[in-house]
Amino acid sequence: MGNFKGHALPGTFFYIMGIWWATKSIMKYAFKKHKRTSYLGSKALLHRIEILEGTVLFGMAVIGMLGEQFNPGGPFLTLYDYKKGHWVQLLGWHHFTMYFFFGLVGVTNILCSTIRSLPASLAKIMFSNAFFVETFIFYNHTHGREMLDVYVHELLVLVTFLTGLVAFTEIFVRTNIAVELLRSSFVLLQGSWFWQIGFVLYPLSGGPAWDSVDHDNIMFLTVCFCWHYVLAIIIIGAIYAFVTWLVKSRFKRFFSSEVGLLKNAEREQESEEEM
Amino acid sequence: MGNFKGHALPGTFFYIMGIWWATKSIMKYAFKKHKRTSYLGSKALLHRIEILEGTVLFGMAVIGMLGEQFNPGGPFLTLYDYKKGHWVQLLGWHHFTMYFFFGLVGVTNILCSTIRSLPASLAKIMFSNAFFVETFIFYNHTHGREMLDVYVHELLVLVTFLTGLVAFTEIFVRTNIAVELLRSSFVLLQGSWFWQIGFVLYPLSGGPAWDSVDHDNIMFLTVCFCWHYVLAIIIIGAIYAFVTWLVKSRFKRFFSSEVGLLKNAEREQESEEEM
Amino acid sequence: MGNFKGHALPGTFFYIMGIWWATKSIMKYAFKKHKRTSYLGSKALLHRIEILEGTVLFGMAVIGMLGEQFNPGGPFLTLYDYKKGHWVQLLGWHHFTMYFFFGLVGVTNILCSTIRSLPASLAKIMFSNAFFVETFIFYNHTHGREMLDVYVHELLVLVTFLTGLVAFTEIFVRTNIAVELLRSSFVLLQGSWFWQIGFVLYPLSGGPAWDSVDHDNIMFLTVCFCWHYVLAIIIIGAIYAFVTWLVKSRFKRFFSSEVGLLKNAEREQESEEEM
Amino acid sequence: MGNFKGHALPGTFFYIMGIWWATKSIMKYAFKKHKRTSYLGSKALLHRIEILEGTVLFGMAVIGMLGEQFNPGGPFLTLYDYKKGHWVQLLGWHHFTMYFFFGLVGVTNILCSTIRSLPASLAKIMFSNAFFVETFIFYNHTHGREMLDVYVHELLVLVTFLTGLVAFTEIFVRTNIAVELLRSSFVLLQGSWFWQIGFVLYPLSGGPAWDSVDHDNIMFLTVCFCWHYVLAIIIIGAIYAFVTWLVKSRFKRFFSSEVGLLKNAEREQESEEEM
């Protein structure tokens, strides 16, 4: 990860997954309001989507793992150099382990969707585990680095911890659209923050990194982190508007009579009270 | 914010909102006991109140944002001074960002009350988010300041964190008057604590600030913080007594027969068991 | 508090209350199993007990407050000495404030039991508040003291925080005997720990306090704290055995026929499944 | 504990209990799906298993307590050496106390299974208490040791704290297989981590311990901890597969007709929806 690309890659992965999870949650919510009327809200499709999601996650994790191991300067699967008597590229192994746990999430997703006897909450636990492991590793990752470097990683630790925490609470509460969107917003925040770290530590212009002992930079990154979160909120808002509009307009084609529209209105009311 | 007025303004805002939220919770609770008999407890009115509340919150946030940007010595929307090569008034941007998130709460309140398909818990999440963001920013706000200054802001961080935490738990539990009043009491505490900070750091007499390295001052502010909380509890108690008396006396005018009073008594008992 | 008596007094108060709360919880649990058959389990009695409990708590708090203010060397209600320009006996004011919040708990208990419209969870919130305020004050209480002194107070902070936390969770969960006993065990632990602090810092023999920089003392106090907790568990176990035996033997007198005993057995089974 | 065996013993104990708890949870889950058809899922057997479990736990704790007290160099039940005026082997007493609390868990398990009037959640509370006490003692255990020694114990503190936390949440939620497996995985992690600590601090080869100030060792142990967790997950996965296969194949012998198999399939679906 010790370059711009190494931060842009996980950033992009998290952004894609964040957008996908937000879309999935909103679609489920929108379809639940218009229930029994569509193939898209059916259980069979959901299972297929879960399997696809798991496969994509697993693929991303494998790309990440291979990238960390076999990039020039990576550990190439060697853990200890017995000749020189020191560990080989432990930071690379750190990143490898993080990707590995996200790969496990993908595998669990696939297993929970194919083997019916497996409890669904297992996938949720693995999900929050992956984020907690990421938190744990990043927390012990920045020893001996400079203030600015440590600080941007601390913010990463903060957001991964919060993601894990929210995912963990989801095991105990019933499906709650607001909590799911909160989790997605944290994933988006993490994604764009990875990009920000890349820009700060390895500027694209090839110029020097930001002054790592100037406290003003830390003051700025504090608000910058919040603005990244605003961006995540805006993106989720846009997805919400778009998906809701899509589901509604799609339904209009089916129920082009006034009766259908009235029914929808009734259902909306019902499902809202249900929440 | 670097003067007395900059602390009195948010203090006043929080105090007004704290009193309002306590009043709203108690009114809802009192009307729930006498249900179906009044327009004031109806859903239509509640929606209008929510919209009004959102508008007021939004207005306060805009005033705060403008004040932080365009007061003499503010950043005037400039983030980076390329000539001199340093950030412009980052503390002002910090405050601006906090106000911005409270503005978002106002907007979400309005949206959740007008667009019926939006889940109500979204407004609660934005609410707790705003307090957590405030916690986060204040936590990274006082670098390099003196002990007393840091301490009064740490107490602020404590109370905003607790407010956010209580607001977050409200997403998961059913409406609970006691938890709502707890949250309101924290908001009141924050409001009066802002005033206290103003008095400590920028004494109105124009005299010097308190001795910032005398540990006795910190010892005093510790108990002072608790006394502010006692004040918040007393104010909420007074609001409770007043609102309950108001609702009861208002009902007497409608049901001036003994039958009505008996009915009320029955209802009270029922709704209490319901809690 | 700066002597042995100042620690023995709150220690005794907490021990009495801890034993009482454990007894109350176990009695409620035992009577619930044999329901509808006894005056002792009736709502009317419970209300009277709550009022009595509130009065006792309030009385203890008043004794504590007066003791802190008017003992020789106390602040005598003076907060600031304008002549000498320094605060008066802030540690005394700290203790005063803690007692004050426990007094508030007593007042809330009485109010919640007499005014029926008040929600019962309000008393629980004030209860957890009192412990959190105690945690907050003790946390900011030991500035500039020696290692051993700080450590014994840190353990106090730990146990008051846990008590507050458990009391706070009780707002959200249904009555749960195990959680109530956990809370009572923490209160007992706090009570006996106050005595331990007294013995450590102000030995009764009049000899010198323990060596406050010897780390072995801290190592010992760590296990000693656990043994205090074992003591609390044993005491609660004894109370449980005694109360259960008392309730059972008391019932035998009423239902001296085999039918009654069989009925009891049935009820036991029912109520256990209910839990 | 100050040698390899002192760490291998608790490590083995925790590993055995972790495997057993995982097996028990999965068996309960598997039998619940095929309910009313087997003696193995009956309440009577469960009670006996609980008593056996409690006895084994108690036995392990007694072995540990005796080992800590009466190994050469142990305290031999002496707490304070009045002649030399210092505490005797406080680290041994630390370990003794931890074992003692696990012994209490065993006793509570036995009591809750034999005395029917005792609430079942009491055993759960004692369970989480034992882990919290372990956390507390290990947290105050490593004063003045070297960086590596402190770090491996910090990771132990982390995992015992998480175990206690998950066990504590189990008091409030309904039986949830995923949470139970999470707890078991933490117990397994703790078990294998004890072995790892033994290998790190007291290498079997008799050679010197790892370089305790080389930060690379800490970097490695960070990922190593995660790999131990992966191992725990794999073991639980294997147990899950084996137990599920066992329960299914066992049922085939009973229901060798197609009707039985169909019924099973139906039940599986039902119980899954139930979750």
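Going by the order they are written in, the chains are A, B, C and D; count residues from 1 in each one.
We adopt the following convention: a residue touches a chain if its C-beta (ideal position, glycine included) is under 8 Å from a C-beta of that chain, and two chains touch if they have at least 3 such contacts.
Chain identities (UniProt): A, B, C, D = Transmembrane protein 45A.
Here the structure is a predicted model, which means the values were calculated and not measured.
Engineer: In the touch network of chains, how many steps separate chain B from chain D on the shortest route?
Structural biologist: 2
Engineer: Report the inter-chain centroid distance for chain A and chain C in whole angstrom, where each centroid is the mean of the CA atoms.
Structural biologist: 45
Engineer: Roughly how far is chain A from chain D, going centre to centre by Cα mean, in whole Å?
Structural biologist: 32
Engineer: Taking chains as nodes and touches as edges, what kind of graph is this: line, ring, star, complete or other?
Structural biologist: Topology of touching chains reads as a ring, each chain with two neighbours.
Engineer: Which part of chain C faces chain D closely enough to touch in the complex?
Structural biologist: Residue positions touching the partner: 29-30, 33, 158, 169, 173, 176-179, 181-182, 215-220, 222-223, 225-227, 229-230, 233, 244, 268-269, 272, 275.
Engineer: Could you list, by residue number, the parts of chain D that touch chain C in their complex?
Structural biologist: 79, 86-87, 90-91, 93-94, 97, 100-101, 104, 116-117, 119-122, 124-125, 129, 133, 136-137, 140-141, 143-144, 171-172
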